[in-house]
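Chains here go by letter, A, B, C and D, matching the order in which they are written, and residues are numbered from 1 within each.
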Amino acid sequence: MSAASRFVFRRRGHGNRWHWTDVVTWIWLIGGTVLMFGPALWLVASSFKGPAQLAEFPPTLLPYTQITAQVEGYDDPLPLFTVTQEDGSTTILAEIRRIGTSAQMVDPDTPSERIDVDIENRAPLREVGLATENYVEPLVTNDFLRFLWNSVFVTVMATLITLLTNSMAAFALSKYRFAGRDAVMLLIVATLMVPLSVILVPLYSVVNATGLLNSLWGVILPTVATPTGVFLLRQYMLTIPDELLEAARMDNASEWQIYWRIVLPLAAPALAVLAIFSVVWRWNDFLWPLIVLSRRETYTLQVGLNTYAGELNVQWHYILAMTVVTMIPVVLVFVFLQRFITTGIAGAGIK
Amino acid sequence: MKLATSLAALAVAGLGTAALAQDDPVELRMMWYSDGIEGEVMQDLLDRFEEQNPDIDVVLDNVAYQVIQEQLPIQLASGQGPDIARVTNLKEQAQHWLDLREHVEDPAYWDENFGNRFDWMREDGSDAIPGFLTQLTMVGGFANRTLFEQAGVEIPGDDATWDEWVEASDQVAQDQGLVAAFAVDRSGHRISGPNVSYGGDYIGEDGMPAEIDDGTMEYVTKLVNWTKEGKQLPEIWVSAAGTTYRSGADDFINAQIPFLYSGSWQVANLSTKIGDAFDWVAIGSPCGDVGCSGLAGGAALVGIKYTDHPEEVARVMDYLASEEVVREFSERTLFLPAHQGVVEAGGLDFQSEDPNVPPALERFVQASNETLPAADALPAWKWANAYYGALVTRISQAMAGEITLEEARELMNRDIADVVQNASQ
Amino acid sequence: MAAIPRTLGAIVTAPLTWIARAIDPPLRWWQRLTGLNGMAAVFLLPNLAIFGVFVLFPLVLNVVYSMTAGTNILLGDRSFVGLDQYQRLLTCEDYTQAITCREDMFWTAAGNTFFFVVLQVSMMILVSTITALILNRNIRGRGFFRAVFFFPVLLSPVVVGLIWRWILQRQGLLNLIMVNLGMEPEVWLNDRAYAFTATIGVSVWAHMGFYTLILLAGLQAIPKDLYEAAEMDGTPPARVFWRITLPLLGPNLAVVLVLALIRGVQIFDEVYVLTGGGPGTSTLYLTQYIYEVGFASILRNPGLAAAASILMGLVLVVLTLVQLGLSRRNEQRGSRQ
Amino acid sequence: MGRIALNDIRKSFGKTEVIHGVDLAVEDGELVVFVGPSGCGKSTLLRLIAGLDRPTSGTIEIDGADVTRHSAANRGLAMVFQSYALYPHMTVRQNLSFGLENTKMERAEIRRRIEDSARMLEIEELLDRRPTQLSGGQRQRVAIGRAIVREPSAFLLDEPLSNLDAELRVTMRAELAQLHERLGTTMIYVTHDQIEAMTLADRIVVLRKGRIEQVDTPLNLYNRPANLFVAGFIGAPNMNFFETTASDGRAELPGGLHIDVPQDGKITAGIRPQHLRLANREEEALEGTVTLVEALGAETVVHARALDGTAMVTVLSGQPNLGIGDAIRIALDRGEVHLFDAEGQRIDPS
């Protein structure tokens, strides 16, 4: 075994023999990798399939496009098929038209000679190809940049406000003693449990009454007072020693300065975790924006992609493609910050 | 002094808006959803309108159908909403539509060409012009002719019954090794034509919902049994709860079933996705004991009562309802027109190179004359949706084996009664 | 790579720093006036104001809704019916048979949710514990694999549902694999057992990475010398696991248990996209029931939905109190150490 | 200037009163040490002076001005915390300048002060490091530096040396003493370590259960402890106590040793271990059995048990040849005996 592979497969067993737990470990890890990434890759592959191919059964792993050939005497390129002949050999023919169960075909090399083929004996000749129009069409016809900007605006503003208000509240709840503190805490934790989807109607009335309908702020504000954030930050701030705050008080710092210059920087790991979650949550938000935003100029990407879901038809090829587009930032976050996130949650987040 | 200042302020404000009104075009909002390319076509038509009418700016807000269905009602209830909307819940929300009678150029034109369906979208007893159907839909079936030919099975004729159709399709399916014989869209609306064909009638003598009758149960029983026998593709109905809509179109497109019962709106979709893979035909509705009824329906473009610019709304509507625009819209979207003049004139030049399309559309036009009165009454009936909802919810459960047909019948009656009772509170 | 977030951070924070400086003098004045309690109020105010308007108030409204009937959406147009909706929800002829209940769908959904939560939470804990144990071993690429299992946590629930629907449907990836292996394709989502299993599997898939990290943190906090001591004693590995690892992982397991319970009860988007509650009603869960009755269905009845959500909320509050109790116990344990 | 006066200070947390009326005056430039066992209220008292907590009643004056209601920031004091409480996200320089910036001081002045104090504390090379990159002793210096740059009217030090190892503690102690010498500023120093108290203090305040037991110079405390508690607390090893009853001006200690006492009744006699020695044959002595011998080289600590069971500790110079179980006879210097009455208060020899 080379040094490199020994390094890769460093394992529990002493000596050279594999302990059974090593086998389980690697099966689990490799299987897990396939299971975790595979589905997303399947989605990406599907998003490059044309509408007809999406409905095809059995499906193909990769997106394919029909191969066509320019045949003399025909204006448009003709689709090519592999035809099985009676003797079992196969040839490649171009199809002129299909009538009922038989197809009129022609050999591209001898265009003058027509051949009738039963359609059961032919199979389309295809090559791996991307239906890029799934992406291009929506990006061109839709106000994509506008949607992108709205999504970014919502995500950034909501995250900033979330961080600010939640950290302020968490600071008060972790570092001050005042009457009613436990009551406030209980209230916040209790609402941790309420899924948005069950208070849609009253929440909608509130947003409507505050005039925030069809405004990006109507999307942002209801999501920023997240109990999760307050809870997470408070737990972290409890670990900041009170003596630091007292030192700052002796140093003539106001309470606001203590919050801003001492507590916030020290809570950075927890803030980072909350920020990442907030970005991902707000970016992925779907149901609520769909309900609040019904004017094109206010759409976020998630709402924009859903305009392809009609009453009687869903244009899956567009929806899949746009879903992949909306996933890109999340994947970027994942690629660039994964180490930070995973260690952050493990180290800072949950106590 | 104070009074003077506020008056001055008012005057300035007034001048301001007046000046604005002169400079800026009036902005109208049109809420629209798309099943296919109709959004693009509409945008095209509106662009042309704006060119001719620089004082009006129509913004087309393409939304998910979910928004029309779930969010628009709440907006309307609170006296808000867009200026114009494409809606499907025509009757129940009728109180919110703008009566265009005062505002359109020629009410007689509207009455003449759209009048027969105004009752679908206005409150009972009203004489309002609420809007017009962007498309007429007709429930009906499609058959995969190529599969029938390959199996050597004759396509049943126009007066064939449901049993005959299922029987024939089943032969095809078995011969060709297909997954199932047929599929009906998962929708209460879709099965109501067949229910009526078997003698069902939803509407009681007082105009309120009647109990589920034997005619309805007859078809429902057939459908449940076909599903349990595996003749109907099971996942369409069984694999969803509640009133979720599911269509069998994809399986038809994929030649997994030789017979699909859906509706005229699928023509464009089938044409795009099937392409040259096989030949398909529209077959109207199979027959029951009483007739061979489908069910008409449609989506309508309506003005919203709460608009600040009824005159401008009317101008947009006048334009879109004009004969040539309706004609162009239908030709490009492959939708059935609901405009009397266009229908009578005929000769629509549907923009499709697919030889399957024109005969299919013609067959649907023909099918719209075969509907039974009990079916014709449904689009203009306030409680139709309640009935549809109960049907789809409970029939699915019966198909899944969760409840018996008898239980389903009782539960449907109870569900409908609940809706009526809740609505009266 | 880390430089990009840092510069971005600087761009964002510069104006914020300026604002923070600017509001210091008035806050100092306020602090002098009201003392620390006054400042606590200042810090709580923004969050509580937003929270009050957009979370608390709608919750209260929801209680009011639950006591009204009708199809109207505006509260003012609705008629007061007291506890009728609750009565309707809670009436059953035979409480062991959902079908005999006045609102049979509610009970079906509640029963489904119960079994779903029990199985899903067990699976979740099992899978994430195993994964955490494996990731805690001395393996190459631990950081990479830790991230791998976390990846689905970043996806939106709708996308998760969509992805798996494209895998499990008739024309899906799984059937492609089955066909290639020479097996008969299966309509997975049309089978009660498969569909129910799928909802559990998919939600475990989507969230296990998060819980794994919590458990991993717990495992890494267990002092090495404990293991070394056990090794000196010649303790067999299984016994080390049951008598040392598991007890010391207890607090983290409790957190995972409660979070998973709460999220399990709230399950909605993934399942709604994946199965739509089918086949039949076998994956119809409470949140979907509430959403459909209150908002989506053509049989809309907001009052009934509100009442159902409050009943569900009560269950959740009980779970919350359990969590509070647990975490308080942990805090005490922590401070004692 | 840094005169600090406490007048009848009381402090309760909830219903429990932890400080029961403390009066104290600290003179300008004085180094006063608060000692006492843990829970005696010494840190609480310091925090009250600092303004981090508010007294329940009583007043605090600094230089004659009542500052009881002033916030910590406005008292002109500086504090060194037990954990140092250095801001971990700031460099040493930023740690030092933070408090000065808060008072809107000019930049040049801030720089001057930081450089001066850094030079004084020999931490110039550390200015751009962060606290986590410093050793314990360096952190200690920075913590002190942070107090110095403020140029406060008094320093409050809360067990500043308790986190250092023994060797460093000795060095830092000496440095602190020098620093006080040099600055001449009032310091209030809290510790539970009597050696620190004895070596550093101008005056020591001995606290117990929220009350002052005695305030005096270190040697006075040692030589004339006001009560049993102070006597037992100051001096190591602890003073030996013998309870007995006196009559006719004489009291008998275990082993039949007699001493003269000015009053009759129950009394306690206290003798420091250092004032016991091995008795000559003919001398009156405390007789007992050796239970433990701690040989330290220059001296030997001998634990013994008297015949009546009373434990006693003797510090003997040199390395006497004693083993566990040996019989031992101990004599005492009668002039070094401290007497306490039944209430534990000192009885001065008449």
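To be clear about the criterion, a contact is a pair of C-beta atoms (placed from the backbone, for glycine too) under 8 Å apart; a residue touches a chain by one contact, two chains touch by 3 or more.
Model, not experiment: these values are computed from the prediction.
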Return the chains common to the contact lists of chain B and chain C. A
What chain is the most remote from chain D, judged by the mean position of CA atoms in each chain? B
If you tally C-beta contacts per chain pair, the winner is A-C
Chain whose averaged C-alpha position falls nearest the assembly-wide average: C
Which whole number of Å gives the spacing of the CA centres of chain C and chain D? 55
What is the distance, in whole Å, between the centres of chain B and chain D, each centre taken as the mean of its C-alpha atoms? 90
I'd like the Å distance between the centres of chain A and chain B, where a centre is the mean of that chain's Cα atoms. 33
What's the distance between the Cα centroids of chain A and chain D, rounded to whole Å? 64
If a residue has to touch 2 or more other chains to count, which residues of chain C qualify? 73-74, 170-171, 295
By the touch definition above, chain B meets two or more other chains at residues 66, 69-70, 74, 78, 250-251, 254, 256
Going by residue number, chain D touches two or more other chains at 71
Residues on chain D engaged by chain A in the complex (per definition of touch): 47, 50-52, 71-74, 77-79, 81-83, 85-89, 98-99, 102-103, 146, 150
For the complex, give me every residue of chain A touching chain B. 51-52, 55-57, 95, 97-98, 100-101, 119-120, 141, 201, 204-205, 208, 213, 290-291, 294-297, 303, 306-313, 315
Contacting residues of chain A [partner chain C, same complex]: 7-12, 21, 24-25, 28-29, 32-33, 35-37, 39-40, 42-43, 46, 54-61, 160, 164-166, 168-169, 171-173, 176, 178, 181, 184, 186-195, 197-203, 205-207, 210, 221-222, 224-225, 227, 230, 254-257, 259-260, 280, 283-287, 302, 319-320, 323, 326-327, 330-331, 333-334, 336-339, 341-342, 345-347, 349-351
If we count contacts the way the header does, which residues on chain B are in touch with chain A in the complex? 29, 31, 33-36, 39-40, 59-72, 74-75, 78, 80, 82, 88, 145-146, 149-150, 245, 247, 249-251, 253-254, 256, 263, 265-266, 269, 272-277, 279, 299
Inside the complex, what are the residues of chain A that reach chain D? 241, 243-244, 246-254, 257, 261-262, 265-266, 268
